[in-house]
Amino acid sequence: PLHAHDHSHEHPHDHLLQAVLHTRARSVALVQGLSDADCTVQSMPDASPAKWHLAHTTWFFEEFILAPHLPGYRVFDPAFRYLFNSYYETVGPRHPRPQRGLLTRPPLEQILAFRAHVDAALQRLTREAAPASLLELGLHHEQQHQELLLTDLLHLFAQNPLHPAYCAMPGAAPGPMPAAQNPEPVRWVSFSGGLTDIGHADERFAFDNESPRHRVWLDDYALAQRPVCNADWLDFIADDGYATPALWLADGWRWVQEQNIRAPAYWQTHGDGFHTQTMSLHGLQPLLPQAPVTHISFYEADAYARWAGARLPTEFEWEAASRRQPLSSATPAQFADHPWRLPLPADDAATDGLQTFWGGVWEWTASAYLPYPGFHPAPGAVGEYNGKFMSGQMVLRGGSCATPPGHIRPTYRNFFYPHQRWQFTGLRLARA
Amino acid sequence: PLHAHDHSHEHPHDHLLQAVLHTRARSVALVQGLSDADCTVQSMPDASPAKWHLAHTTWFFEEFILAPHLPGYRVFDPAFRYLFNSYYETVGPRHPRPQRGLLTRPPLEQILAFRAHVDAALQRLTREAAPASLLELGLHHEQQHQELLLTDLLHLFAQNPLHPAYCAMPGAAPGPMPAAQNPEPVRWVSFSGGLTDIGHADERFAFDNESPRHRVWLDDYALAQRPVCNADWLDFIADDGYATPALWLADGWRWVQEQNIRAPAYWQTHGDGFHTQTMSLHGLQPLLPQAPVTHISFYEADAYARWAGARLPTEFEWEAASRRQPLSSATPAQFADHPWRLPLPADDAATDGLQTFWGGVWEWTASAYLPYPGFHPAPGAVGEYNGKFMSGQMVLRGGSCATPPGHIRPTYRNFFYPHQRWQFTGLRLARA
Amino acid sequence: PLHAHDHSHEHPHDHLLQAVLHTRARSVALVQGLSDADCTVQSMPDASPAKWHLAHTTWFFEEFILAPHLPGYRVFDPAFRYLFNSYYETVGPRHPRPQRGLLTRPPLEQILAFRAHVDAALQRLTREAAPASLLELGLHHEQQHQELLLTDLLHLFAQNPLHPAYCAMPGAAPGPMPAAQNPEPVRWVSFSGGLTDIGHADERFAFDNESPRHRVWLDDYALAQRPVCNADWLDFIADDGYATPALWLADGWRWVQEQNIRAPAYWQTHGDGFHTQTMSLHGLQPLLPQAPVTHISFYEADAYARWAGARLPTEFEWEAASRRQPLSSATPAQFADHPWRLPLPADDAATDGLQTFWGGVWEWTASAYLPYPGFHPAPGAVGEYNGKFMSGQMVLRGGSCATPPGHIRPTYRNFFYPHQRWQFTGLRLARA
Amino acid sequence: PLHAHDHSHEHPHDHLLQAVLHTRARSVALVQGLSDADCTVQSMPDASPAKWHLAHTTWFFEEFILAPHLPGYRVFDPAFRYLFNSYYETVGPRHPRPQRGLLTRPPLEQILAFRAHVDAALQRLTREAAPASLLELGLHHEQQHQELLLTDLLHLFAQNPLHPAYCAMPGAAPGPMPAAQNPEPVRWVSFSGGLTDIGHADERFAFDNESPRHRVWLDDYALAQRPVCNADWLDFIADDGYATPALWLADGWRWVQEQNIRAPAYWQTHGDGFHTQTMSLHGLQPLLPQAPVTHISFYEADAYARWAGARLPTEFEWEAASRRQPLSSATPAQFADHPWRLPLPADDAATDGLQTFWGGVWEWTASAYLPYPGFHPAPGAVGEYNGKFMSGQMVLRGGSCATPPGHIRPTYRNFFYPHQRWQFTGLRLARA
């Protein structure tokens, strides 16, 4: 992830440094109320321990900014270079990913000391020495791991028969859940096609995979005004959606059979086979009919769309549509500053535009995660950030209720393998 | 695979039926000289026994054409519906794919009797009853399996320490191999971009995945005049290409490590670690420096291109370029009617165009195998032919030395998973 | 397997050589009526192709007898040393066991030529040159593989939805099956304990694992007069035997759960869930209530015995009991010269002794396969014959309907892993 | 595990209860200085978290003693019946073993509250209500888990590149390690055979698998005066012991190849390939030449013995020999009350008997873990304690440096699968 241009003029040094430190403080706030054990265990190879996220994001600043750019910087612990490198082959060998959860030492408090050490050093970075683009990259990297930290914790707690609630915001009770009601029927919002510019254009930060900006031809298309909701999904289940092979991609059908998939992840089956609750960051919660369905794989999203006689939008259609639904402080959107950390129903249902377009759930697109024409990763280790993952994954757009506010933008490309569903993933229908 | 229009007028019934029967006769010719055992064993789950290919293509005609359309048709053996259905969920349950090689019964001769029974019935199809589009589909389906039959046999024989040669053409000695020489240096052939129509347009047969024709924006680009050759690949190996993680996609690097990949499939390692021979349908053969490299995965093709400072073309760039290199009887091309069933050096090296563009080796593209805008599979079982595989695979273009002549066209999309390499797969470099 | 003493005096050279050649001719007779494909395919890693058995037993004579002892012997094909060595590390590297079924070449006829070549050479062995003990070992080795050839073929055919019958004895119709009738109730035959000599004692051939003869203390015990029958097993199933964890060893319970075991191997489940047929070497056959149950694992035998309030006998109890039921030409026994190659009901039901004690089904014992006190394998490669398998396996006694007549004796120890059940395995109850 | 007789007369109630509470207090002491995270993580399916051991042993008292026998007992948390049942099918379903490490909740402090709750209730057990035999079983069960707790922690810490030391005994520095010296040569201590009584005989506690006492015939034999030491093992490695297939059981050789075994578990390989350190409960420590080798599998023990021209003793030989080396307070032995929690060299080297016969390392025997003649497990859930594991495992004798003092006796049978080596396992040679 690299922004293409130096825009240190728009984020003067002090401003940028404050943003970095503010973001980093939020990471620590996320684990308040959690035990060392909660922060240490790894519930599956795809997930990482919270402690690991806290340490790895800190290592990122140490490795790429402080060590090369802050004269006299003292590395906190040389062993951390091995322990908390994620996947940077250029940096060197690293602790195997599936064994991240075996590191009961260093304890959480030592990781917090590591963070304080690095934060203090960051404050010593002078305006001259500070590589603004790397600082900004570190900030956005930290935000990405904040979202993973939440979804990884949810996965961990969902394996626990006690269904513990994640309570990271002491004193900030999220208020009452909305009352159950039926979702409004699907309406189609139309968009005109044509030659369309896609990709990052302005001087603000973006990851390298959002560039270069390039032209794409789009036919006319329409998007549903709202995401697919839990009530819709219960209809899909009731219509034997999970047992009808004609609805599924071949890979998806194999996945459904082998994993015995019968509902979104975290939905609870009761004795009578009905689903009325779901595990969430707030523990077991009722399934709200009008809330966006979440924790579904691309395979499920694709099968649902086929069942509904529609399709998924491409990432280009989504990005073009976002011009009609620009993200601003006035746009209704649910990000990780919302007290409820589960997708809520639209509070913008009155509008005639696209509801809960931003935040809430990441929306699977029909687009494979591939390089844009002319894409080149940055030289050096940070070039490994995005480019090497451009194989086998699908693009998601729009952010979720676990995405830090300020982290998302119209050109932002998230990506996961088609079977993965521990993120807050959902879908919005499209058609010609 | 479905052609969109009825074009029985261009293939009058008798002509089409003759073409079907001629194609089917060629399938039987492919196993001449093979034993029942050669035709029965399955060397990996991705491959199928030759006997199974012969039976499955025949079942296709019985299930989709004869049983519904030929009055009084007697099914040869009702058990074959279960044994030789490949993946048509709509048709019903089927013999598990990984167990296809356990069917020592029915013996080859009974499969040949099945073929004769179906061929005889096909000849009884009247002009009125014959569903021309299905007959044409059956023909092209049979051709696809002819290519698989060859590559599956090669895989089987490559597992045998005796390195048996496949000798399907008795009396047709392929003549001498060309002498080894260095490939000519890469030259770049330039193409102008712009809005380009992609996909099937005319009335001839095409699979459903080649439609609808649609517009795509292309920037200017260039293609190498020749595929990457064995000599190039030896340079890549000598430069530690297989041991340099920065060259690889993350999925590819994992694959290289886990499978201990060090060279294209079938290359033979000798005591000194050098590769000078490869297993082929003609048994062990010397590695010709100037012949296209083959049996490489998409991961390898992608890594090579990065090493070479280039990239793979998209499938759209390839298709647009094919307009400058149209396929006609005068175009140099190596298909499965060539006595050598391994990729040969260009015999069109004198031209200033694209050498061995058609046939020889399938060329991996940078494009994921996805539906074209507006794609809809056909209703019924044949709708399962292509559409349900549009996930996780990459597109290849151009045909190979194992592709039946007449089977390929500019819009033809072949597709395999990025790790697969038992087909005759190679690559051609592209750049802006 | 090695006999301890030279007893060439009892098997004069000509006699022994005739016995070897007679045994080898019987191996070839076993594959009459089978196709090359039937003889080539490997249906699971535990099984081997018939062709492989025919070649491996021949390699045994070539490697251990002809090459070292027959002056001027010409090795048939040097590649066979690699292809047909089973597990003799001392001899050198070998073709991987799970890939034995990929050897479509050499074809069956070449294996038969190999056999003829070796048979002819064996006949040139002079009395002086012939190592009698190795010839005898080769004979018994060949007999062991004859039994495996049959059980491996049964496993292969049992995977085929067509349920082919193995018909190795053309012109020898096995006659009618006995009529179904209830087995007679269990009666207990008592034996006195005491210090008992166990193991091979006389000068006839025995494998090395039957020695040294040694003393074992036995308490008094009793054996059921007949093996457990199919009718008994149906009672066990009806009483939820497969669903009652308290009946099972922990390893067995895991196996039952993971493999979803609900009945003996090859029993056919019908729509109503009842078992009335079983796959056999004669194709599908009715389950005879009074015939010994077969194709059960040690885990199942052990669970059944617990359910029945009894236990399995130790191998020492079995061997001691055999003194009251000596094997002679007058003893009722069903071996592989019987036209029915499935366990038949006792035809010795009138006796007051142990019915179908010899042949019919191998009887699982409660004894782990361990070396007898003072056991030492022979030096050299043949020392790998038995000793290295003395870990993790259980002893079976008595021979089966697939055991060549003359191959069995009171001290004979067969051994398999506790989960294996593709041999003709059954059980007889014991108690104090 | 059940003792056969009521011997409440020898352990009067108060005495027994004090012993139980004393043992339970020791369990808590074992985790002093560990973090919640250290006590929560599971490093492999064979191991359990320390927290789980603490809770499971407490559940054992609640389930089998307090709930049925203490009137008015209030279950601490009904969910614990599911969470902390290990393998008692009779009790009901339970949390899957491989997921024990995902239970970050309940936290360690709640498990300690559970323990206090149960301890308090135990003290309310009147002399009349208390089932003495179950209390004693609970005590010995707790001791077994104390040993597992230590070996499981060692396995966890051994996966951590920081090599943390387990420091359970604050204030009790273990003193200096002995100086390195060569072990004394092997001397053979002879024993006379004959009919020998084996198994539990007196009125003290024993597990059910040590009964019934029964007669076994033994030939004369000899045992090495000392266990195999690290210096011996380095010789075995230097002589290519791990690369010589003829030394290994077939199962063992496969294990060595597949797992790439080259040394005992926890030995550290340095750049030059030499082993000079081992991971231990005290962190990295030098390999003492004269200390018993430990963390070896049965396969390794068996291969070493073959290499040394000797064999492993049977469990009967070991038990008979123990009569010459009775365990008393005067016998040199290293149990878990020793400050060094790794096997130390013999401090009884001067004796002419068997050195470090008790404690130090468990000694693999040549005996499969099978029921003694006439063995019957107890009725009810506690009958699942030992009997159902009598399959596929090998017997070990003598206790280790992690075994609680007082837990071991001459008839004690420990058992593990032949590949397992995370216990303190070693060997002593035997011969005729």
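Order as written gives the chain letters A, B, C and D; numbering starts at 1 within each chain.
As a convention for this text, a residue touches a chain if its C-beta (ideal position, glycine included) is under 8 Å from a C-beta of that chain, and two chains touch if they have at least 3 such contacts.
This is a predicted model, so every value here is computed, not measured.
Considering every other chain in turn, none proves to be in contact with both chain C and chain D.
Among the remaining chains, C is positioned farthest from chain A, on the basis of C-alpha centroids.
We define each chain's centre as the mean of its Cα atoms; on that basis chain A and chain B are separated by 38 Å.
Mean C-alpha position of chain A lies 47 Å from that of chain D.
One simple way to say how far apart two chains are is to compare their mean CA positions; for chain A and chain C this gives 60 Å.
The residues of chain D never reach two or more other chains; the list is empty. Taken together, the touching pairs link the chains into one ring where each has two partners.
Inter-chain contacts occur between A-B, A-D, B-C, C-D. Considering their complex, residues 35-41, 43, 79, 82-83, 95, 99, 101-108, 156, 159-162, 164 of chain D touch chain A.
Taken in their complex, chain C has these residues touching chain D: 87, 89-90, 195, 214-217, 219, 245-246, 248-253, 299, 302, 366-368, 370-371, 373-374, 383-384, 388-392, 418, 432.
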